[in-house]
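The next part holds the structures, each set out as C-alpha cells.
Two complexes come next, and they have one chain in common, chain A, joined by chain B in the first and chain C in the second.
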Partner chain A sequence: MEPRTEAIYNKNIAITALVGILASLLLAFKEGVFSPVPLYGSLIFILILFIGHFLTNYLFPNQDPALFILCCFISQLGLIMLYRINSESALKQLIWFGIGFFLYFISSFVCRNWIEIKVGSLIFFITTAALLASPLLFGVELYGSKSWIAFDNVLFQPSEFAKITFSLFLADSLKNHKIEKPIYFFGQIFVVLALLALARDLGGAMLFYFAALTIIFAATSRWDLTALGLIGAGVAGILGYQFFGHVRVRAKAWLNPWEDVPGKGYQIVQSLFAIAEGGFFGTGLGLGRPDYIPAVTTDFIFSAFFEEFGFLGAAALIVVYFLLVYRGIKISLSIENSFLCLSALGITVFFGIQIFTIIGGVIKLIPMTGVTLPFMSYGGSSMVMSFISLGILNGIKMRASGGEADG
Partner chain B sequence: MDKLKGNIKIIFIIFSVLFMSLILYLTYFTAVERERLIKSSYNRRLWEQEEKVLRGTIYDSKGRPLAETGFEGGSKKRIYSGGKAIGPLIGYSDPVLGRAGIENVFNGELLGISEQDPVTLLRQKILGVSERGNDLYLTIDIDLQKTAYDLFQGRKGALAAIEPQTGRILALVSSPGYDPATAKQNWEVLSKDENNPLINRATQGLYPPGSVFKIITLASALTHNPEIENETFYTPGYIKVNGSIIRDGQHLWPGEYDLTTAFRYSSNTVFIQIGQRVEREKMISMIEAFGFNASNRSDIPIAKSTFPRPPIIGGNVEMAESFIGQGRLLSTPIQMAQVTAIIANDGKMVTPYIAEKIVSPLGTEKTTAPKMSTTQVVSPQVAEKIKALMVDVVKNGTGKAAAIRGIEVAGKTGSAENPHGQAHAWFVGFAPAENPRIAIAVVVENAGSGGAVAGPIARDVMLKYLSHVIQ
Partner chain C sequence: MFELLSRTLRYVFIILIYYFLYNFLKIMIADLRGEKTQPKETGFILLDDDGNRYTLFDINTIGRADDADIIINDPFISSKHALIFKRGSKLLIQDLHSTNGTFLNNKKVTRPLRLKENDEITLGTKKFKFLRSETLGAEDRSYLQ
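Right, the complex of A and B next:
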C-alpha cells in the first residue's frame, strides 16, 4: 500500500476509535453513576478493529481495507445505539460482531483461493431453495413471518444467507450475458420468490425480486425485460393490495398513517415523531426516547439514531452506507471474470436495495417493509451474513488485483 | 464485458439517485414537516415535556392571569381564574381530559417546544430557564368579557367583538359557559349537558344569519347596481319566487320603500327585489369576498361559514332566501363580526386574531398575529353609504335599543328563522360610527326579536369598551 493511502486509512481507524471512546464515556454515565461496561465494550471493539485492520492488511496485501473500516464504523454506531437502548442486546451484538469479523476473514480467504470448482448454478439454486424452505418446515413464526429457525435460544434467519447463494446463483446463470434456458431460469427465480411469499416475508420477496431484476439487466442488457420486470412489480403490488390484508395495511399506513394512529399507523408515526424530535442537530446521545419506537433495535434503529444524532448524523450515516455501495461497485468494475463481476454486483445490489428500503421505509419515503439495516440492526444472522458478504467482496477484490481474467 | 461494465455504471447512478433522494427527503422533512409533527397531539413526547416544563401563563390584554401553573402540595396544578365567562375560549389542559380551546391551540408555545433555534435552546439550558414555557398574552380584556357574558344571563348565545382596523379580538363570549377550574369535577354533567357549554359558540356555532346578512346583499347591490339608490320599490308584503311565497315581518306594511326605509325596517321582500337585480355570479363572489366559504386564516380555529352554491339552473328560491340571510346560509358569530368590521373599516377586511404576543422565559417577544394583509372587499364609498344606513337603523329603525347617548352607533338587527323553535336574535354593529373602535356581533338563540334582545347586549358591551378607550 502506498504510504499516503495508508496514512488515510490509519486516520480513519483513529477517528472511528475516538468516536467509540467518546460515546462509551457518555454511555458510562448514562444511569447517573459511572459504569465501566461500555468502556470495556468499546475497548474490545477497538481491539477487534485494530487487529482486523492490520492483520488482514498484513495477510492480504491486495485487499480493500475500506470495506472493513466502513462496516466497523457503522457497526460501532449500531452498538452505541443498542447499548443506549438495551445494554444486554449490545453485548450480544458485540459477540456477533466478533464472530462476524472472524467469518469475514475466512470468507475473504476462501474466496481469494477459490479455484474454479465446477459448482453449477443448480447447486446454488438448490442451496438457496433449501435455506428458504427450511424455516417453513422447522421454523418458528415471529413478527408475522415464518422465516426463523431456533437453535436452543439462538434465532437464525436462513433467508439472510440465501441472499449470498442467490447472488451466486444469478451470477452463474448469467455469466455468458444471456439467459440460456429462460423457462428453467425464471422457474427457479419464481420458486425462490414463492418460498419467500409462503413465509410471508414480503420485504424479503421484494428485495430478492429487485436484486434479480438488477442483475438480469446488468448481465443481459435487456431493456425490454427490465421494463417488463418493473411493470410486473407494479402489478404484483396491486394484486398484493387486493388480495393480502397485510399488504393493504402496510400501504394504508404509508399513504395516510394519521387515519389510524393508535392502530395501523402506529409504528410509522412513532418513527416520524422520533425523526421530527431529532431535527438538524439531534437531541444528543441518551436524550431521545427510543422506548417510544416499536421494533427499535431492528427495523427502526435508524429512527432512534436520527433522534439522537440529528439530520447531520443521519445524513453522514447514509453517506457512509453509500460509500460501502460505491466500493462494492468499484470492485465489480475492477474484475474481468464475469461470474465474479456479477457475484460482486449481486452482493452490492442486495446491500444497496436493503439499505434504501429500510431507511426509505422508516422515514415514510416508501412503504415500510421489515428488512434489517445491515451492520446496525440487532440480530446475529444479519450481522454475520453482512460480514460474509463483505468478505466475498474482499476476496473478489483480491482476485481482481491478482489479475483474474477470462472475458 | 464492456456492456456489463456500462450497465453497472447505470446501476451505480441509480443507487446514487436513490441515496440522494433519502437525504433530500430528510432535508425536506426536517425543514418543513417537522414542526407539525412535534406539536401533534399524538406525540407522547409532549406529555413528557408537560411534566418537565412549567406551562406558560395565559394573560389577558391588561396582563391579568387567566390560566397559570402553580404548585399545590408539591405537585403542579393549573389554576384558572377567568371563570365561566371565558371558559369555552380558554379551554383546559389535563392529562385525563386532554386539551381544548386556547390551551390546545397554543399548546406548543405554552410548553415552549416550538423553539427551533438551537442557540436559544442552548442559552436556555445554560441559564437554567428552560423549565418554563412561554407566556401568552391574549387580545381579550377579561372585564369586558365578563360584562358581556353576564349580559346573556345564562341564555344560549354568543358574542364576538373585534377592533375593525386590526382584527384584534376584544371579546369572544359563548353562553352558557363553564369554569375550567372545576371542569374535571363536573365533567360528567358538562359533557352531557344539552346546552353544550363545552362548545365555543362564537367560533364554532353555525347559525342562519337572518337579516343581518342584508348588509352583504346591500353591499353587492350598491357595488354592481348603484342605480338602486335612487329607486323606490313597491311591495304588497309578500313576494313570489318560482311559486314560493316569502313574506315580510308583521311590523311592515305594504307600499313603496326606498333603500333607506327598506333597510331601516328590514323588508325581506324589497331586499329580495334588490338582490335579484344583481347578476348571480357577482352576488356569489361578493358573498365569498365577505368571508363565506373561505378557509380560516385566524390564529384560533374558526368553523367555516358556508354559502352552498345554488344549482346553476333554477336555484332562484335558494338565492332569494340567501338575500335575507335564510335558506342554507350558515355563519359563525365571529364571521358576522368580521362582516361588520369590513363596513366599519372603509371596506377593508382584516383577519381576526387572539394572540397579542408570546413572551419567552428570557423575555424575548414574538408576535403571532397573522400578517396584516388587508383586502378591499367593497369600495370606501360603498362602505360609507352602508354605514349611513346602519346609523339610521339604530337612530330610527329596528335597532333603536342599541343606541348610546352621545355616541353614534351603526347597526343591523336580525331575527333568523330556524328549525329549533323561536327565531335567533341577532345584532351586529359598530361604534362610534365616525371613528369605529369596536365591531360586534351578538346572537341569542331562540330569543325572538334581534332588536329587543341582542341589541341591548351589544349596546352595553360597546358602551363599556368605549368608556374605557375614549376618555
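Right, the complex of A and C next:
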C-alpha cells in the first residue's frame, strides 16, 4: 500500500473513532446524569476497529482495507442509533459486531487460500435450496414470514446465508459466459424463488430475482433475457397484487399512505413524518422521536437516522454505501478468473439491491419490503452474514492480487 | 443542557461524516486516474545475462529505438525487434519482422507464442530469461544468506 493512501486510511479510522467517542459522550449525558455505559461500548468498538484494521493489514498486505473501514463506519452509526433507541439491543448488536469481525477475518483467510472449489453448481444449488427449505420445515413465523429458525432464543435467518451460496451457484453456472442447459438452469432459479415465496418472504424473493437477473446480464450480455426478466418481474408484481393480500396492503400503502393513516399506511406515514422532522441538519442526536416509528430497530432504522442526522447525514450515509458497492465492483472488475469475478459481483449486487430496496422503501420511493439494512439494522444474522460476505470479497481480492494460478 | 450540546454537536457530526467521505472520494478519484494512465504490471520480468531486469507490462515493445518500451542497445537488435503482450491471463511473444530473428527456447518465433516461466528468449545475440518477479525476489534473498 502506498504511504499516502495509508495515511488517508489511518485518518479515516481516526475520524470513525472520534465520531464514536463524541456520540457516546453525548449519549452518556442523555438522562441528565453521567452514565459511562455508552462510553465503554464505544471504547470496545474502537478497540475492535483498531485491532481489525491493523491486524488484517499486517497479516494480509494486499487486502482492500477500505471494505473494513467503510463497514465499521456504518456499523458504528447503526450502534449509536440503536443505543439511543434501546440500549439493550445495542449491547447485543455490539457482541454480534465482534463475532462478525471474527468471521470476517476467518472468511478472508479461508478465501485467500481458497482451495479452488470444484464441487460444481449443483452442490451450491442444493445448499441454497436446503437453507431456504429448512425454515419451512422447522422454522418459526415472525413478522408475517416463516423464514426464521430458533436455537434457544437466538433467531437465525437461513436466507441470509443462502445469498452467498446463491451467488456462488450463479457464478459457477455462468462461468463460461453462456447458459448451458437453459431449462435446467432456469428451473433451479425457479425452485429457489418458489421456496422464498412459500415462506412468504416476498422481499427476499425480489432480492434473489433481481440479483439473478443482474448476474445473468453481466455474464452473458444478453439484452433479450434482461428485457424478458424485467417483463417477468412486472407480471409477477401484478400476480402478487392479485393473489397475495400481503402485497396488496404494501402496494396500497405505497401509492397513498394517507388513505388509511392509523392502519395500513401507519409505518410509512410515521417514517415520512420522522424524515420531515429531520430537515437539513437533523434534530440532533437524542432529540428525535424514534419511538413513534414502528420496527425502528430493524426496517426503519434509516428513518430514525434521517430524523436525528438530517438530510445531509442521510445523504452521506447513502454515499458511504455507494462507496462500499463501488469497491466491490472494482474488485470484481480486476479479476481474470470468471468464477471468482462473478462471485464477487454477485455478493456486491446483493448488497446493492438490498440497500436500494430498504432505503427506497422507507422514503416511499418503492413499496416497502421487509429486508434489513446491512450493518445498520438490529439483527445478528444480518450483521454476521454481511461481514462474512465482505470477508469473501476481501479474500477474492487477495487471491487476485496475489497472482493467480490459472485463468 | 443536553439539548444544547446535541444541537451543537450535530454540525460537528455532519462535518466529520463529510470529511470521512471526502477522504474516500479522494482515494476513489486517485484509483480511477491511476487505472487510466498507469500500465498494469503483469508480475513477470525479463532478466538478461548481465543481471538487468525489465518489468513487463500489458504491452511491451523491445528494440533499439528510443520509443521502444524496453530499450536494448545492441547492434544485432532491430529498432523494433519483438513484442510481448498480454492476452487473457497469458503473455505472448511476437517477432516484429526483425533482421536477426526472435527465438524462444532456440526455436524461431514465426507466430505469437505463449511464454512460460523460465523460458529463454533470444533476440539477435542477447539472451533473456522469462521469470516471475516474485521468484526472483526470493532468489535475491537467498543470495544474501
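Just so it is clear, the second predicted complex is superposed on the first by the 403 of 407 C-alpha atoms of A that agree within 3 Å, B and C clash if a C-alpha of one lies under 4 Å from a C-alpha of the other, contacts with A are read in each partner's own complex, and residues count from 1 in each chain.
In the analysis below, contacts are C-beta pairs under 8 Å (C-beta built on N, C-alpha and C of every residue); 3 or more make two chains touch, one makes a residue touch a chain.
All values derive from a computational prediction rather than experimental measurement.
Visitor: Should the superposition on chain A be reported as showing a clash between chain B and chain C, or a fit?
Guide: fit
Visitor: Which partner does A:82 contact after superposing on A: first (chain B), second (chain C), both, neither?
Guide: neither
Visitor: Which of the two partners, first being chain B and second being chain C, lies in contact with A:273: first, second, both, or neither?
Guide: first
Visitor: Examine A:5 and indicate which partner it touches, taking first as chain B and second as chain C; both and neither are also allowed.
Guide: second
Visitor: Which holds for A:281: it touches chain B only (first), chain C only (second), both, or neither?
Guide: A:281 contacts both chain B and chain C.
Visitor: How wide is the angle at the Cα centre of chain A, looking out to the Cα centres of chain B and chain C, in steps of 10 degrees?
Guide: 120
Visitor: Between chain B and chain C, whom does A:326 touch in the aligned arrangement: first, second, both, or neither?
Guide: both
Visitor: Check the residue A:22 against both partner chains and state whether it touches chain B (first), chain C (second), both, or neither.
Guide: second
Visitor: Could you look at A:149 and tell me whether it touches chain B, chain C, both or neither (first, second, both, neither)?
Guide: Once the two structures are laid over each other on A, A:149 reaches no partner at all.
Visitor: Between chain B (first) and chain C (second), which does A:360 come into contact with in this model arrangement: first, second, both, or neither?
Guide: Touch status of A:360: first partner only.
Visitor: Determine, under the contact definition given at the top, whether A:296 touches first (chain B), second (chain C), both, or neither.
Guide: neither
Visitor: In whole Å, what is the nearest CA distance you get between chain B and chain C after the fit?
Guide: Superposition on chain A places chain B and chain C at a least C-alpha distance of 8 Å.
Visitor: For chain A, which residues belong to both interfaces, chain B and chain C?
Guide: 281, 319, 326, 336, 407
Visitor: Touching residues of chain A toward chain C in the complex: what are they?
Guide: 5, 8, 11-12, 15-16, 18-19, 22-23, 26, 29-30, 32, 66, 70, 73, 281-287, 308-310, 312-313, 316-317, 319-320, 323, 326, 330, 336-337, 403-404, 406-407
Visitor: Which part of chain C faces chain A closely enough to touch in the complex?
Guide: 1-3, 5-7, 9-14, 16-21, 23-28, 30-31, 43, 88-90, 132, 134
Visitor: Of all residues in chain A, which touch chain B in the complex?
Guide: Touch list, chain A to chain B: 177, 214, 217-219, 221, 261, 269, 272-273, 275-281, 289, 292, 306, 311, 314-315, 318-319, 321-322, 325-326, 329, 332-333, 336, 338, 341-342, 345, 349, 352, 355-356, 359-360, 363, 365, 407.
Visitor: In the complex, go through chain B and note every residue touching chain A.
Guide: Result: residues 1, 3-5, 7-9, 11-12, 15-16, 18-19, 21-23, 25-27, 29-30, 33-35, 37-38, 40, 42-45, 48, 116, 118 of chain B touch chain A.
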